[in-house]
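I have a structure here, written as structure tokens, and I will follow up with some questions on it.
Chain naming follows the written order as A, B, C, D, E and F, and within any one chain the residues start at number 1.
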């Protein structure tokens, strides 16, 4: 059976900042620039989740997109949308809220429930602004 | 010689529905949701066709984009644009018009004429809405 | 108090065709071109609804966007999304499903409930493809 | 001399929230929904500034776009980009950070310096997400 | 009869520069910046043409979009697409190729043939980059 | 350590043409079509540069995006933005300015300085119009 990839986009709006508490204000500003602003800033994040697998004979779907969307919302969006990534999100605890860490954490939230659907998570893409995005394909 | 990938986008607008004639109305609604509406719905589909190959010495092109566009139009677009994917399209006969099946059928339409140009079809991406798309890279 | 305009986008996917039953097949093809395909075609429509008014002192909002979104969904989207504009939509009965008529019909669906919110409908924009859209601002 | 409109887009990423300190938690949640989250959320805002005027004979420009961009950056972007709209922005003091108030405050920042260029500010458009934006054309 | 606006987008790719032959190199660089490069630069221009009028009873169209598209192509696109705006375009002769002048010249090319269709040209919008565009609505 | 991909977009506007001096006018027109116009045409090019690597423990970044942006600007953008790709760009000397050659040349400009940052260049994507782009991943 041929392997097909299918991608679902979801969106969330969140606050965050990049700063290390064990660094001086100067060091934070030097390394993280304007992202270190103590009073936070924020983004409209776009999230693309790509799943791969064989088609199910009954429907010709790799995955039911409404099931996939429900999982992404339950495991990711409701935890991060209109939240503070550094204060409000259990799955980001202990990690700086870089786009890299966010993509990895989202992968960890999604890999297992997507496998339980009979297909597999292929990639997570997190776009922070129109000029930069991160992709993660698992360890 | 280095391998380069080049992608051409084309667009088409089509009607379709997702329903199995051998299922009850209830079963169709349960599995296919609003996509099962008997009177059809439709989309503006976007199609990206990615070709890979070496550069031709005379032009430095992997493929002449106007040739590639002509092939996509002759083999795909003129068959599906302003058509009903379930009633009007010979290359979709016997398949549900899921985006998965559409991507595979478009691959089958394009692989041979693109190979005849001296390069090879790398991938077909079909975007159904701004929130979902399917990619197929061959069996 | 200053007047402010606020716009909400919603989307729907629908099938339709442009043909007059009182015309011959040839006349339909001549005037409506590929839009006259008897087996329908379809689009991802984008709808922008612009409301104007003074700000409410309690919230500084012209309108609560979730209220506006609810009205658009109840009065428009649930009637047209994943539907056939010519067969399934009560508010399109007796009109060809041109984008012009669709914009006017959507205006008629929205003007009164938006006025009931204490602001006024300023404009309706319906985008059929990336290359064309219609705007209507009332009679 | 004919009147021409010219528009410049700039972008900024900021944190904010919508809540009234004189309201209960319940009342804030009821009116402002998820926007009331005490730990903030944020957006990638897009700002379109439209200027109108006659063309300058020497250049045929209504306005030098690099001058216009410089004014928008000095008067708006550097105050809001990677900032908290409710804590860090002098020109938002005493106003809820609704998109309506933001558009009006940006208008007030820009009207005078643009008039000093010999043209006039026609409109300010602030887009908060892909689904909603506010326009303001002055009192 | 209600007035409806309908907009058609077309695209063209062209080279141009901004420099006055009666100015020194220094003065050109000072006023026109990098746009003064003697060897030209170029853009993918997007053109939106907005027409307004009453609906035609036979079709409910304000204008047949394929007729409108044909006029835009014949009067504008074929003259500017893959051309040099300063060397190749008769309707730009004697004008600097600023976006302001381009929008006015395109208006002049289109107003009459659109009036001959029984509707009227409402506006021309020319987008030069994702960050700036010009609109012209006639003298 | 997991491998993460991060992508930065930059933009440039340039003039170019596709023609061989050793071919007749007829042959150039036949092969390169309207791209052969002797007086040039131009595009708004979009450039996506994808870098891959492990995360740096101090910041959790694969690469500091402002460093990456600086390298892309110094090595590519300042050489091509508002320039003529065929006349002004040292790194394009001796190559036709096809999108294929442009992507390869940009790869050659970027591979070494990105390796010096401790990560590696994964891919270069150059988009010439909304309908076509080229990707290059190295020899």
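Here is the rule we use: a contact is a pair of C-beta atoms (placed from the backbone, for glycine too) under 8 Å apart; a residue touches a chain by one contact, two chains touch by 3 or more.
Remember, it's a predicted structure, so these values are computed and weren't measured experimentally.
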Neighbouring chains common to subunit A and subunit D, by label: none
Shortest walk length in steps over touching chains, subunit C through to subunit E: 1
Furthest chain, CA centroid comparison against subunit E: A
Chain copies touching (subunit B, subunit F) - same or different residues, decided at half shared: different
From the options A-F, C-E or B-C, the pair that copies A-D, where over half of the contact pairs coincide: B-C
Subunit A on subunit F, rotation in degrees - Cα superposition, rounded to nearest 5: 120
Geometric centre distance via CA averages, subunit E-subunit D, whole Å: 28
Centroid distance [mean C-alpha coordinates] between subunit F and subunit D, Å: 34
Chain centre separation in whole Å, for subunit D relative to subunit B (CA means): 42
Subunit E, residues touching no fewer than two other chains: 130
All pairs of touching chains, each written as two labels joined by a dash: A-B, A-D, A-F, B-C, B-F, C-D, C-E, D-E, E-F
Partner subunit F, residues of subunit A touching it in the complex: 18, 31-33, 95-96, 98-101, 103-104, 130-139
Subunit E residues touching subunit F - in the complex, by the definition given at the top: 11, 13-16, 34-35, 37, 39-44, 81-84, 87-88, 129-130
For the subunit F and subunit A complex, residues of the former touching the latter: 2-10, 50, 55, 58-62, 64-66
